[in-house]
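The structure appears right after this line, and notes come after that.
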């Protein structure tokens, strides 16, 4: 038994030699997911003081509490950002990495007050946009949109500073917790609200205006990928749509393509597919009355063929 | 560097003063998400003894184990409910808050035996409704429906007692773990089963009968919101549909509107959109044969235009 | 108060007697979810050394680190598999259970090197398939597809060894973290990539070829269930489709039925419904141009009826 186990160990070790690309051995140490998630949570504490901490935050301890929290975020994020810059820019001297990391993290922290201003508008947009919302506090403690959008605004700042790995790790943490997949590259305006949110996908090159409201299952995606002469995907083109101010996107609608623009004040109904631009103040809804249905009465229900089109 | 950091700290503190609404400083301490999740997990232990605990539960320790667990839930839930009642009813004297909280929590705990009876039927419905289910035990330890529906039945009891914040925090915990978003206000009958479940949304004012089966991506939602003369959303109306007994809702179907009623024994096929009531024992399926497709052969596949309608 | 609480306790205890089926008292202790998740995470460490551990893995400690990790997985998985075999085969002598468990776990561990070879191809498929992917490392640390597919390949091996409960517990852990629901029974070929992934459902009897690419919200499901003369679902039939090599399945498409086969190299567009087989190298896209829309101009937007088909 021990013999079989050490045999397996031997074979695994051989794959560690042979199967490069999914080992990370002797490389620069990568940022740690555990640490990134912890930093993400501490940032949520700083951005919404007193909402997510068990400990009570009050005027008497606010200054010390937030100073300590900010210092923690600074130290720990700096350690992770340094790792990711070492990984991303292997040919630069380490001293340069350290300087880059310091500047990037400090510059990022300087954006926190502005991010807080944005988040206040996002929370208010959620409260105004959902008849089920009872209070701003309920929105902050229980709406997935708040967590997803707050971490997106944070990840987007790090993305703009061209820090490798970490922005995606933060957005994937939000995706994992909420089912909302916002690529850190997406530009998102003020007063943004995603209701329910499960299955929402917003691509890297999307541009979203102010006061936009999005429901579960909405995809802002690409139509197709350009390949180069080697047949490899070309990276970095605008592949995802532009959404102007005050647009509402209902559940499960799909808006696709880098040149697709949804004009100001438009409303796209549930399950509608859009692959071309739409004029401002247009409402497009899927015409339920023209759907091709098949109706059957009681006796027939048992015939399994009727279930054609059912999913599962 | 330290100078820049304390500069940032100063600016953050100013936003804590100026940006009210996303601070919770000097307010009543809110219920803690960490505690609510812990109470939710302990309730799952009490409702399914021996399934989720590492420690073994047997006849010899069942009485002490469950007595201890119940006492833990009582103490910790009482502390959180008291906070949420202080928050929700700020103008009442604190002594009143404490009494309200005691009554609400005790009344809630009195509903646990009945919730267990309901859950037994839910688990059996899952076993009977899924050909892949091997045993009731497999359903309990690995079906997201069990966790989502159990926490919903708990959250709904707390919702009926008009406890602020906590019902939504519990349902959002379930949503985060399962992708199933059941508003605590929804009335759900016996023998309820959600298969797979990711993306399911059930709105606050839904009424669901007995022996209803739901698949992933089903939305039971609102058609539109009424606004008052100030243009603000009116809260508290019946906005979501009524589903009668023995209805099956297949993947991705959408049923919308507060006056929409799906009659007993009906089957709504995958991706079907319903915005008006349906007679009992009606089967409505999306007519795949009438879908407008475009088919192309091999050579053309590379033409990116063909990918229109793809959602990346 | 204490009186009411012990009254509740008494009633709960009575339901533990009466409501069999959702108690697991005096039964064989079931595998622990906490332990299964921990083993799953340790397996991810072994399969991607140095990516998910905070501690640095390097040539100097690789042998000891991996040997230790492998031994941990062996011990802890063995304890859980023994429990699940005791549960699944109650009529066999315990000595037999222990032997079965030893063989199953050792046989499973022997598949790890091959699983690593498969995962290397999966990671490369993700990198090649997504224009937003910057590096293989980014794919491994932040793409949900990697976690879901890695745990699927592990769970599938345990499923083939007919170990009860644990395969589903592992796949549900992946589902909970990624929104991707891959049944452990599904056969999945090489170089498999799921982009975004939220809402993907792959049924137990699916067969998927090599170099297949899948987007969020895709369902590979059953059309209907056969029942026996007692009206009970028949378990174990092929209910789910077969997908040949090099097929691309875009967001939200549904492919249903055990005899449905998607031919090699085909492309199924977003939201397309397929319930019959498709020839090789066919592209089927939803014809957006033939969708029935209703368009309205500005003034009308306020009329709530326009929102028909919106899914809140």
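Should a chain be cited, it is by its letter among A, B and C, assigned in written order, with residues numbered from 1 in that chain.
Here is the rule we use: a contact is a pair of C-beta atoms (placed from the backbone, for glycine too) under 8 Å apart; a residue touches a chain by one contact, two chains touch by 3 or more.
Source: prediction; values computed, not measured.
Between subunit B and subunit C the CA-based rotation angle works out to 120°, given as a multiple of 5. In summary, the pair subunit A and subunit B forms a contact in which the copies contribute largely different residue numbers, shared numbers making up under half of all those used. Centre-to-centre separation between subunit A and subunit B, using Cα means, comes to 22 Å. Residue positions of subunit B with contacts to 2 or more other chains are 179, 196, 198-199, 201, 203, 216-217, 219, 221-222, 225, 239, 251-252, 254, 256, 270-271, 273, 275, 286, 288, 291, 306-312. Per the touch definition, subunit A reaches subunit C in the complex via residues 1, 4-6, 8-9, 11-16, 19, 21-27, 29-35, 87, 164-165, 168-169, 171-172, 175-176, 179, 181, 183, 185, 195, 198-199, 201, 203-204, 215-217, 219, 221-222, 225, 232-237, 239, 248, 250-252, 254, 256, 265, 267, 269-275, 280-288, 290-291, 304-312. Of all the residues in subunit C, the ones that touch subunit A in their complex are 46-54, 56-59, 62-63, 66-67, 70-71, 74, 102, 106, 109-110, 112-113, 116-117, 119-120, 123-124, 128-138, 140-144, 177-179, 196, 198-199, 201, 203, 216-217, 219, 221-226, 251-252, 254, 256, 270-271, 273, 275, 286, 288, 291-298, 300-301, 306-312.
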